[in-house]
Structures are given as C-alpha cells and as structure tokens.
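Chain lettering (A, B, C and D) follows the sequence in which the chains are written, and residue indices restart at 1 in each chain.
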Amino acid sequence: MARVVVDVMLKPEILDPQGQAVQRALPRLGFEGISDVRQGKRFELEVDGPVDEATLTRIHDLAESFLANTVIEDFTVKVEEVAEAAK
Amino acid sequence: MSRTPLDTVEHAAATPDVELPWAELGLKKDEYERVVEILGRRPTGAELAMYSVMWSEHCSYKSSKVHLRQFGEKAPQSDALLVGIGENAGVVDVGQGYAVTFKVESHNHPSYVEPYQGAATGVGGIVRDIIAMGARPVAVVDPLRFGAADHPDTKRVLPGVVAGIGGYGNCLGLPNIGGEVVFDACYQGNPLVNAGAIGVMRHEDIHLAKASGAGNKVVLYGARTGGDGIGGASILASETFDDAKPSKRPAVQVGDPFQEKLLIECTLEAFKEKLVVGIQDLGAAGLSCATSELASNGSGGMRVTLDDVPLRDSTLSPEEILMSESQERMCAVVEPEKVARFLEICEKWDVIATVIGEVTDGDRLEIYWHGGKIVDVDPRTVAHEGPVYERPYARPDWQDALQADDANKLSRPATSEELKSQVLKLVGSPNQASKKWITSQYDHFVQGNTVLAQPEDSGMIRVDEESGLGVAIATDGNGRYAKLDPYTGAQLALAEAYRNVATTGAKPLAVSDCLNFGSPEDPAVMWQFAEAVRGLADGCLQLGTPVTGGNVSLYNQTGEAAIHPTPVVAVLGVIDDVARRTPVAFQEDGQLLYLLGDTREEFGGSAWSQVIHDHLGGLPPKVDLERERLLGEILISASRDGMIDSAHDLSDGGLIQAVVESALLGGKGARLVVPDGLDAFTFLFSESAGRAVVAVPRSEEVRFNDMCGARGLPVTRIGVVDGDAVEIQGEFALSLNELRELHEGTIPALLA
Amino acid sequence: MTARIGVVTFPGSLDDRDTRRAIRLAGAEPVALWHKDKNLHQVDAVVLPGGFSYGDYLRAGAISRFSPVMETVIEQAKAGLPVLGICNGFQVLTEAHLLPGGMLGNDHLHFICRDQKLRVENADTSWTSDYTAGQEIHIPLKNMDGRYVADSYTLDKLEAEGRVAFRYVDFNPNGSLRDIAGITNEAGNVVGLMPHPEHAVEPLIGTGRTDGLPFFTSILKKLVNV
Amino acid sequence: MARVVVDVMLKPEILDPQGQAVQRALPRLGFEGISDVRQGKRFELEVDGPVDEATLTRIHDLAESFLANTVIEDFTVKVEEVAEAAK
C-alpha cells in the first residue's frame, strides 16, 4: 500500500482570505519575518497495490475533476516516499 | 494596451491611429465609435476599459432600459417611497421614523462556474448595496432555480450554491428568512441564483451615491484590489455560455465574508458619526463604476490617483485596476476635516482605508497613474449615457400552439385511489417537497429579531423592540406560468408575493424584482421580457406597490435554448406589531378551516400537470389584482383583530399542498369536505390565484364570516383542524407520518 | 444593585448584541468589551458570544484566543471569574485550553440551524443553577464547527466529574462525542456550549421559547447573592 | 526568500468526515482501489531571509501553538526545496 498526496492551493492570483487571516495574526503572536501565508488542502490517499504511471494518471484526473476546482485552484500530485515523522 | 509609453490622454491624442481591442472588451463597432465621438479622440486604454465595462449589458441595461422605464412611468402614488429606482437600492418608509431598503440581484453565471464562490459573492454584493444606502442589513433571502433534481450536475451545483449562500450570509450574521427552490430542466446549464437583502435605518440616515463638495476626499476602503474577475462584468455576466468555449470563462471572485462583516460595522460607525457625504459599493465594474457613478451623480468632478489604490498584486496595470471586481470594497466621499476620524474608525476595525482622490470644481473625471493623466472623461457619459437599444421583439410563433395545448384536457384521476396516489406523488415531488435540507443550512436566528422564517409564507423581522414594528418579505416567481404567458406570469409572481406577505399579517408596501431571461438578441426572448415588464408595471400600479429597484439578468441560455422567462418578484410589507403575525402551522384542534377566494378549473402550468403528466401548456391561472388586494385586506384585518390563528396562501400544488404544509408544521391533521359545486380533483389541485386557507377559532367564526361577507370576499367552510391525518371525506386519509416522510425525505434522498 | 456582565466583541462576533439584550432582559447590566482592550472594566462575569470571529478562518476561535482581552479573561477565569462561551465563544474557550477537548466541523459537513433539544446534566455551575439536573430544554443551535471531540481519557474524566453540562437529546446535530453539547471546568465557573441560549429569551422571537433565559438569571442570582 | 510548508492533519483516531466524503464519492466517479482518504490543511509560509535551524524551530513552535490544535491535530514542518511544477 502506498500513499499519494494531492495538495490543492488557490491559484496565486486568487484571494486567500484564510491565509491572509493567519498572516495578519502573526505579528500579534510575536512572529515576524513571514511575508506571505497561503492556506490550502492536503489529501492523503491510501492506494491499494502499486502506484504506477496509470494510477498516477487516474489520480491526476481525479484531482482535476473532483478534488480541485481548476477555475480557482491549482493542484500537485506526489507519491509520498516514506511516512514522515509526524511532529 | 501598450504600457510603454504610458497611454495617457496626451499620448492618445497624439496617436489617433493606434488600434485598441474594443471588440475583445465586448464593445460593438458603433459603440466604440461613439466613445471616440464623445471624447473627440481615441480613448486611452484606461478609458476604453471603463467604457467597455460600464457599457456592458450588465452595467448599462442597454437592452432592458427602454422597457424598465415603465416602472417609473406607471409608478403608483405611494407615500411610502423615500428613494426610488436609480440608487443602489430603493428605500421605503415603514413608520415610526424607520426606513427600510431592500433589493434582489442575480449571480447566475458565476454560480454555474463555481457554485460556492459564485453564490457567496452574490450575497456579498447585494449586502453592500444595502449598506451603501446607510442601512444596517437585517436579513437575506435567496430565490434559487436549478436543473432537474435528479440530474447529476444538480448535485454539483445545488449543494455548492447553498453552502456558499450559507457560508457568506451566516458569517455576516444575517438571518436568512426566505427564498425559493425550484427545479426545472430548463435551468440545467443556467441555474438562477438570486439573492435579496433588507436593511433598516432611521430616515435621517439615508445615504446616496454621490460625490459633492469640491475638496472632499474620496476614500477607498476594504479589501485590497487584485486581479479578480477582470472583465467579469462585461464578459461573465453578458456572454452566453457555449460549451465549445470554456476558456471564455474567467476566474470567478473569491469572497471574504469576514472582511465584509468588518466593512458593515465600520461603515455603520462612520454613518453614525455623520462622516460620510456620499458612498458607493464596488460591485460589477469595480472602481470604474464607483468613481464614474459617484462623480456623475454629484455636483462636481473627481480626480483620482490610481497609484494610491492598495493592491494585492503589484503587477496590475491601471486598466486592470479600474476593471477589477475584487470583492468587499467600498468608496466613501468624506469632508477633509473628517478624514482622520474616518480612517481611525477603519483602523479600529482593521479595515484598510486610503484616500485615492478628491471631488473637484469641474465636471470631469480625471484619473492619474505614474504622474500621467490616463482618464479624462465626462463621468455621465460613462455611467449614465451608455448605449440604449430598441431590440426587436416578436411574439414567438410557437406561443399559440403552446397555449392551445390545454392542460385542463389532461386525463384526471378516475378513482379515489388514483386521486390519493397523485396527492402523494405531488407532495413528494422535488418542487413541492420540504426544502428543510437546504434552509437548515442557513442561520435564521442571528440578530435576535426573527419573527418568521422559512417555511412561513413570508419572512418577518422585528424592527423596533419597544413597539413591535416589523417588516415582512416574500419572493416569488413561476417560470412555467411566465412561459405560457409572460404578461400574466409576471403578474402572478407579483400577486403571489403580495399574497404571501399579506397572509402573515403584513401590509404590502413596495416591490423589488430580478428579471431572469435568455438572450435579448433573440426577438422571442425580448418579447417575453417586454411582456413581463409590462405585466409587472401594470400590476404594481394596480396594487399600489411601486417597484423600488431590481436587477436584470439576460443571456441565461445554453446554445439556442433559453430558460423559461423567470421574473422573480420580492414584495416588502410592514406590520405594526409583530405579535399579531399569522403563522402557517395549524394551532389547535377544532379550529375551522375556511377557503378564501374562488376555485376554478385552472391547471395550465400547474404542479399537477408537471408532476403527473410532465406537461406544460395552456394558459396560466387568471389574475385578478383587485381580488388579491381584497384578500390581502381581509387577511391583514383578521390578523390584527385576532380572528385567525393560522393562514397559508394557495399557490403551486393548490389547496392540498397548502393544507399538508400547515398540518405538518403544526403537527395537527385536518378533515376536509369537498365543497358543493366542486369536484374533489379541482378542489385539491387547482391553482387559481387569489386564495388562502385560514384556521378560525370557533369563537371568531361569526365575526370572521361577517367581515368577509360585508366586503364581498367569497369564503367557503372546508373542514376542521383535527387528528393526525389529512382526510378528504369520502375520498381518502393520509397519516401525517406518511406525509412527513414523503415531504421531508425527497430532497435529502436526491442531494445528501 | 445588579451585576455587570461583560460581552466581548471580537471582529466577526455576531451574537454580541443579542447576548447583551438577553442579559438586560434577565435584569443584569450588559457591558460591551472590546477584543483589543485588556481591561475588563470591573465586570462580574464575561460572556464570549457566538459568531464567526476572524471568519472562523484557520480554526473556529483559534485567532481570537490570542486577542488582548483573552489574556485577561484567561487569567481571571483561572481565578474564578464566571465565563460563559456560547458557540464561537465555546470554541474560543477550548482553543484557550480553559476547557478540554476541541471543536471540529460537523460530521455531515453542513452548517446546521435548528431548534435543539438538550438535557441539563449539571445544574450546579455558575450558569445553570436556575435549571434542575435532568431538565430538558429547547435551545436554537446553529453552527458549522460544532463537533466536540476529546480523547477517551478526557471524556471519561468529564463524565466521572459531572462536567458534561449539556447533552443533545433525540438527535445529535454534529457528531459530538457522547452527545456532548456543553461542558464546564472543574470549578464550575467556566461553561461552554454550542447552542444559543441568548436566542431563546423572548416568546415571539426565533423559536418562540424562553428556555435560554435561566442561563442569565442563574449568573445574576449568583453574583447578586455574593 | 524560501518557503516552509506546514501540513496539518487530524490525528488518526479522530473521525475525518471530509476525507470520508471524498472516499465515498470515488466509486461514483468510477474510481476504485483507494482504501482511505484523509483531508487536512497545507500552509505555505514565505519566509524572509534564510531558513536556518532557529527559524525552523520558531515555525515549529508557531505550528504547535497556532497553526495546529494539538489536542486534535498532528503537524509536520518542512522546507520546500524547489517550486513544484504546478499541476
């Protein structure tokens, strides 16, 4: 079993109110030096069987037609190599 | 548009032969030539941007203007009207020093592309119109139309639209108190997302969109300007969607309801301190619209330095800044000595505010960029003197055949058993089923003044805590009726909204509308439009309820197929004491049920003809506005004098639909008797207009009958509130449980 | 003499005005508090009202929790100041760790607005003494992020200590674990719940019931008797 | 300028209805072979200056106290090496 991650972010030209709200809160938390924050979605898909070209293409299509609305969002698909050390 | 060298006014004058992309920006050749004629030279890129968005169908009403004039010409005498058509929204006097502003707008096309954001920004836009009048927004309504309920794309569009309306309105703290949900295949590629808002203010707080007083400052405040929906106004709202060219759909805007909530609070605080001379929201056509309209409505001119506009994207060209439709922005005109305080209030609410210009002595709108003058126009020519078309219109050749295809001749149920099964089919059909799955996604309670909300006949909001003064609003429209006869259809929409308001005990005062039609370039559509406007204007004159404003949405069609002509009408009413409001729900066993009005064999465009026969043909129900007015007076008097405990108007689905709704809401059944002179089928399913069912406590029976008799309103005793079933004597009985399951189960089964 | 009850306005608070009205109708004196002001202006109790503070961006309550006024509220709540968090206010209280657990999006993924039946499980807090334990009441509920979650250790502890203050009855509107609608801290001075008692204080308005008024009379009695 | 990405996911033991809704929709879209979907948040922070140990520690703290609610969520912090080919 492998994990494929689809990250969906608002296109750069599209307003991101959530990211902006986070960014505006940073100085109040005593945090300087971050010039921009964008907030998006992360989907972790657990795939049965091998993640081959064909599977990736299908996931790409899935992302394009369902996970993201490409009118306002961009997405990336990647295979997660190893489980990252959580926290 | 070349930017090196900067396309200034001098540069334009010196380079008359430069080709500009007027066609790409949506201008026709003769329109462009008129711009050149007005300016006496070729426009600069920035000027072209302004003229093109402001002269678009969406902003200039160029196809509809000649017809809309009737709303003014035929306006009834009304003491209530404080501000009429032409401002951001109309304003009505509701007494005790209060004024109410309300308006309905469309956000149809964006909501098809991106349902959530399209619908959300629709709410945002209409609410800014209300704030711009000086009012605190107190409620929203959302008349919606979608394709077939079981079409897969409806499952994409509807939940997104509903979540967007809820997401934005709930976050603003505006109770959603009414609306409509209609399914019809004709809206498959063109859902109708109309949104309305109501605001309340004191008379002295009314504000207008005008820039007066040379030296006064122009303050832009709210969100930074980004590349949102550039050209959206002209392209997105006015172009027919054509499946072959999806690339023509530009990105829709993303709304930020939190920013808008801050905008509301800081604007109201500025009003309270009397800091604002004139104000305009930024909606379609953004700064182009706000600056030209403010300047055009005021006494002087205006000078704006575009470099001072706070940007989200520093690479924007001046043309793009002028066209940007970034949401959550407002423009205020403020006297110089009050600017500091204005900015302070903005800062208190964490709202970015910048002085971008000032009112001048002259009569020109001048806009500067990087030191050069890039716009120098008479603002009236941009804002008010756009092209006006007398588009050809003609009654379509299929209209006669459609009307001849009489629904009254459709086969009717032959047995009680069949009648019963048709009732069940109707009550469970998507259009007649409960919309609770949708409306429970909206906050009805916020602000603590909601007296009535869906599924009541009209929404009602308390305006004054002490006196109990309140306002009511209902929106209605029936595209099927309007397709059969647009003149009558528009009047039926008006009559139904009027009736819905009166049924709750409020006195109808004024009208707003949202006219959703296909392409004005099709003479058949143009005829539908012209007829509907004529019908509505005539109807408003007769009912004494002026049209105070509204919105036109054209090009609602996919390829050749236009939507049903769909005039949506909102009626606003006032009630002296909300404690007297009449609810829909049956209150008490034993109360007598009366049917008010006449029932005729009228099935053209009916829910029955649609659900049972999938048929649309014949003539819509007859309209009698004098009768509507009388019915309204009776309902209002009965509520004021405590003669009725519940009331429900009759509309699509007829009497049986209304009785089932009252029964389910009250958790009390009814025993009905078919009155003399009517057959059970007609009694249950007819959609004759001008009717309502009321429940009268026994102690009021005589008084109520006397009142109706004295005023000549036909009244028929049809049964009694009782038990836990809806029974038609001699025909059938349906338990409330069975009815409830059907009525409430349909929409979740299709959409959840 | 009556009690002064503060109502904080955060940017995006929606029910602050209604809450002040409810306090007034209960006979106490409402005091408007501003999120940027650390000073609580000598109030005897504080209500964090409902709404979408900061748009509920990031997480509901997550940004407000760091506002200046909350510094004082957190400090004083720990010292015994009565604090009621309604809906967004409840979310702020969990984000501020004045109450355990956290709030997540409703399990059905939709905003929900309904007249909700609740059972008062704990009538010994500062805010619930005018109810009786086990009493069933109807209070309007309206939220997007109303799903109360905590690990099972915390949940067991809350149950054991009688700190589940309200439970949903007949219908769980958001997937909250163990039907929890509201909880209290150990001392009973800090209470948070998702439904909106301030919307149930007048017979004509909203759902037409007044089941929410005892919240405000409870605190008033407590403060005035002190 | 560099980009630091903070991914925030619900703890595994917490029900993720959004992820489930996506997963349930997959068969309808003709998509088989995905055994689990989880949906979380992705924050892209544009950091002024170099991303050194100290900065990463501060962002870690920020994530722990603000971007994630560790009562219910786990997070990871990583420096984004190169701008990924969007879509």
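Here is the rule we use: a contact is a pair of C-beta atoms (placed from the backbone, for glycine too) under 8 Å apart; a residue touches a chain by one contact, two chains touch by 3 or more.
According to UniProt, the chain labels map to these proteins: A, D = Phosphoribosylformylglycinamidine synthase subunit PurS; B = Phosphoribosylformylglycinamidine synthase subunit PurL; C = Phosphoribosylformylglycinamidine synthase subunit PurQ.
Note that the structure is predicted; figures quoted are calculated from it, not measured.
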Of B-C and A-B, whichever chain pair has more C-beta contact pairs
B-C
With chain centres defined as C-alpha means, what is the inter-centre distance between subunit B and subunit D in Å?
40
Interchain centroid distance [CA atoms averaged], subunit A/subunit C, Å:
34
Among all residues of subunit B, those touching at least two other chains are 256, 258-259, 350
Contacts with two or more other chains, residues of subunit D listed in rising order
66-67
Going through subunit C residue by residue, note those that touch at least 2 other chains and give them in order.
54-55, 57-58, 66
Indicate which of the five shapes (line, ring, star, complete, other) describes how the chains touch one another.
other
Interchain contacts (touch definition) - all pairs
A-B, A-C, A-D, B-C, C-D
Contact residues on subunit B for subunit A in the complex?
113-114, 117, 223, 226-228, 249, 251-256, 258-259, 312-313, 326-327, 350
Give the list of subunit C residues in touch with subunit D in this complex.
58-59, 62, 66, 94-95, 100-102, 104-109, 149-151, 175
Subunit C partner contacts - residues on subunit D that touch it in the complex
10, 13-15, 17-18, 21, 66-67, 69, 71-72
Listed in rising order, the residues of subunit D that touch subunit A in the complex are 1, 7-9, 19, 22, 25-26, 29, 31, 33-49, 55, 58, 62, 64-67, 70, 74-76, 78, 84-87
Within the complex, which stretch of subunit C touches subunit B?
11-12, 14-15, 17-18, 21-22, 50-52, 54-57, 110-114, 140, 142, 144, 196, 198-199, 201-202, 204-207
